[in-house]
Amino acid sequence: MPRSVAWIAVIGPGRCSAAEAAVAEEVGAAVAEAGAVLVCGGLGGVMEAACRGARSAGGETVGLLPGFDREDANGWVRIALPTGLGEARNALVVRSADALVAVGGAFGTLSEIALGLRARLPVIGLGTWELARGGRPEPGIVAMEDPREAVAEALRRVHAS
Amino acid sequence: MPRSVAWIAVIGPGRCSAAEAAVAEEVGAAVAEAGAVLVCGGLGGVMEAACRGARSAGGETVGLLPGFDREDANGWVRIALPTGLGEARNALVVRSADALVAVGGAFGTLSEIALGLRARLPVIGLGTWELARGGRPEPGIVAMEDPREAVAEALRRVHAS
Amino acid sequence: MPRSVAWIAVIGPGRCSAAEAAVAEEVGAAVAEAGAVLVCGGLGGVMEAACRGARSAGGETVGLLPGFDREDANGWVRIALPTGLGEARNALVVRSADALVAVGGAFGTLSEIALGLRARLPVIGLGTWELARGGRPEPGIVAMEDPREAVAEALRRVHAS
Amino acid sequence: MPRSVAWIAVIGPGRCSAAEAAVAEEVGAAVAEAGAVLVCGGLGGVMEAACRGARSAGGETVGLLPGFDREDANGWVRIALPTGLGEARNALVVRSADALVAVGGAFGTLSEIALGLRARLPVIGLGTWELARGGRPEPGIVAMEDPREAVAEALRRVHAS
């Protein structure tokens, strides 16, 4: 894996709607087609759909699992690491990534978005959280609608930084 | 420390306004006066002000530091633990707590709020993040204005659960 | 807690003989009488006996638990932190300490001894592991026999460093 | 990566002798030729030699780095993960593995051996630590001399368990 290859974290809930899964799968495919590595939390829902998209397009998928059992990984994770850190592994997903693409999102996803923004990584959102303080929207998450454009934007920002 | 004692995490940015510091100090005092333990990230800003409030009221303060040096702790932390985990220590702050009180907030604070909500802990906010999805506010953070009432509400929810 | 106070990790197995418990209890008492903080893994066996010794002498005890439940701590831990990191919390016990005193020892203890030696901390052993390579004993662990002398030696090395 | 594929951790110091590097390289080659994944700490010395051996034989290599920078990985690591956990990442190397092969060894290696034995994983040693208690050798590390036989023995034990 040349060091120049980008790593994109695809984050989202372990259970998701069919529409979210379709978006995540296309995100995964776009990551793979760009030659980037897809890293995620390794479980179901958005993570599984994204990995399926990436593997179907011949890409690399890495899953950082919260538990101790490699078998917990969805079937499309090629490199599955049982960290045993629980939700503290979210920090490792973020540390592994050059940019984040969030699809949908529950509170675990929000913790990864927050750590990504704190680390000044690009964070692209597809139907995910909206942040505000004092009634005013806070910048940070780049809200987009098209999965392929979201990945392209993430990579543009990685290469610009 | 009887096991019945509640642990309240006071979370907030390492640099804050004088107004936020005043709020945090009163939160810390209320935590101490209720006989609860204050746990935080151990650094400056909101964390320092909260610890000062707690110690001045004779309370217990625990700081979980991101780095390796106990000297990084603010001077009001009594039990300072250098975790060396970086921002992954945020997960440990949340795991140590029975409830969270957020004062102000940057992205690190948001990651703790998210992990707290994921763990179904009470999360009380004083001038902190507002969350929405699809243009609709998301419940989760209990927004309050008075520091002492915020602590009382946190403890009420701990004891009700 | 003044920053000048030393932190001594007392490490050893979660199940131990009565003789080991007696040694650990005296180690704990000596730590407390020296005004140092005792940090440990928070569970039973050597950890519990050491905490009992320290608390009976009016000292401070901190337990870094592997699991998520504060109730797992032995009854003599005053500050119990559920890390949820499993055995990875051993690294945090070592990071919190200025010196280690090992009593007896199973493999978890050996991992802490190893991390302590790697961090160039003083490691005093009471009936613990002996290390060799190529048939020759390896220096590192300071083997002693008297619990109170072991603590005194640990503190001497902390203050000399 | 079928779930049936074994993961072998090759552990050893970040600086090593030419003889140790030759042994590690052959270990890595044998891991790859057996179709197993090689996981390690991702840095130099034994880790680099083992990865070189594995990659030269067309195998898969995963490096779990202590720091935050992917660039710290040796050039033969294909999947490099910057954990930012410092030596606490040793626990993750062990959790990722079905068996450990230790080549030479400093204290960091000893911590991984200890965690591996604690988790009841097979631990094969090539010129590494010897453990004793009370003057009697302790079983645990299986000392061998031939790198290829060491890997074969590790895999035999994985498949027997």
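First chain written, first letter: the chains are A, B, C and D, and each begins at residue 1.
Everything below uses one rule, namely that contacts are C-beta pairs under 8 Å (C-beta built on N, C-alpha and C of every residue); 3 or more make two chains touch, one makes a residue touch a chain.
All values reported here derive from a predicted model rather than from experimental measurement.
Farthest from chain B, judged by the mean position of CA atoms in each chain, is D. When the C-beta pairs in contact are tallied for B-C and for C-D, the bigger tally goes to C-D. Chain C and chain D, compared by their mean Cα positions, are separated by 28 Å.
Multi-chain contact residues of chain B (touching two or more other chains) are listed as 68, 84-86, 88, 91-92. On the chain D side of its complex with chain B, the touching residues are 68, 84-86, 88.
Here chain C touches chain D in the complex through residues 85-88, 90-92, 105-108, 110-111, 113-115, 117-119, 127-135, 138, 140, going by the rule given at the top.
Residues of chain C touching chain B in their complex: 1, 3, 7, 37, 60, 62, 64, 68, 70-71, 78-85, 91-92, 95-96.
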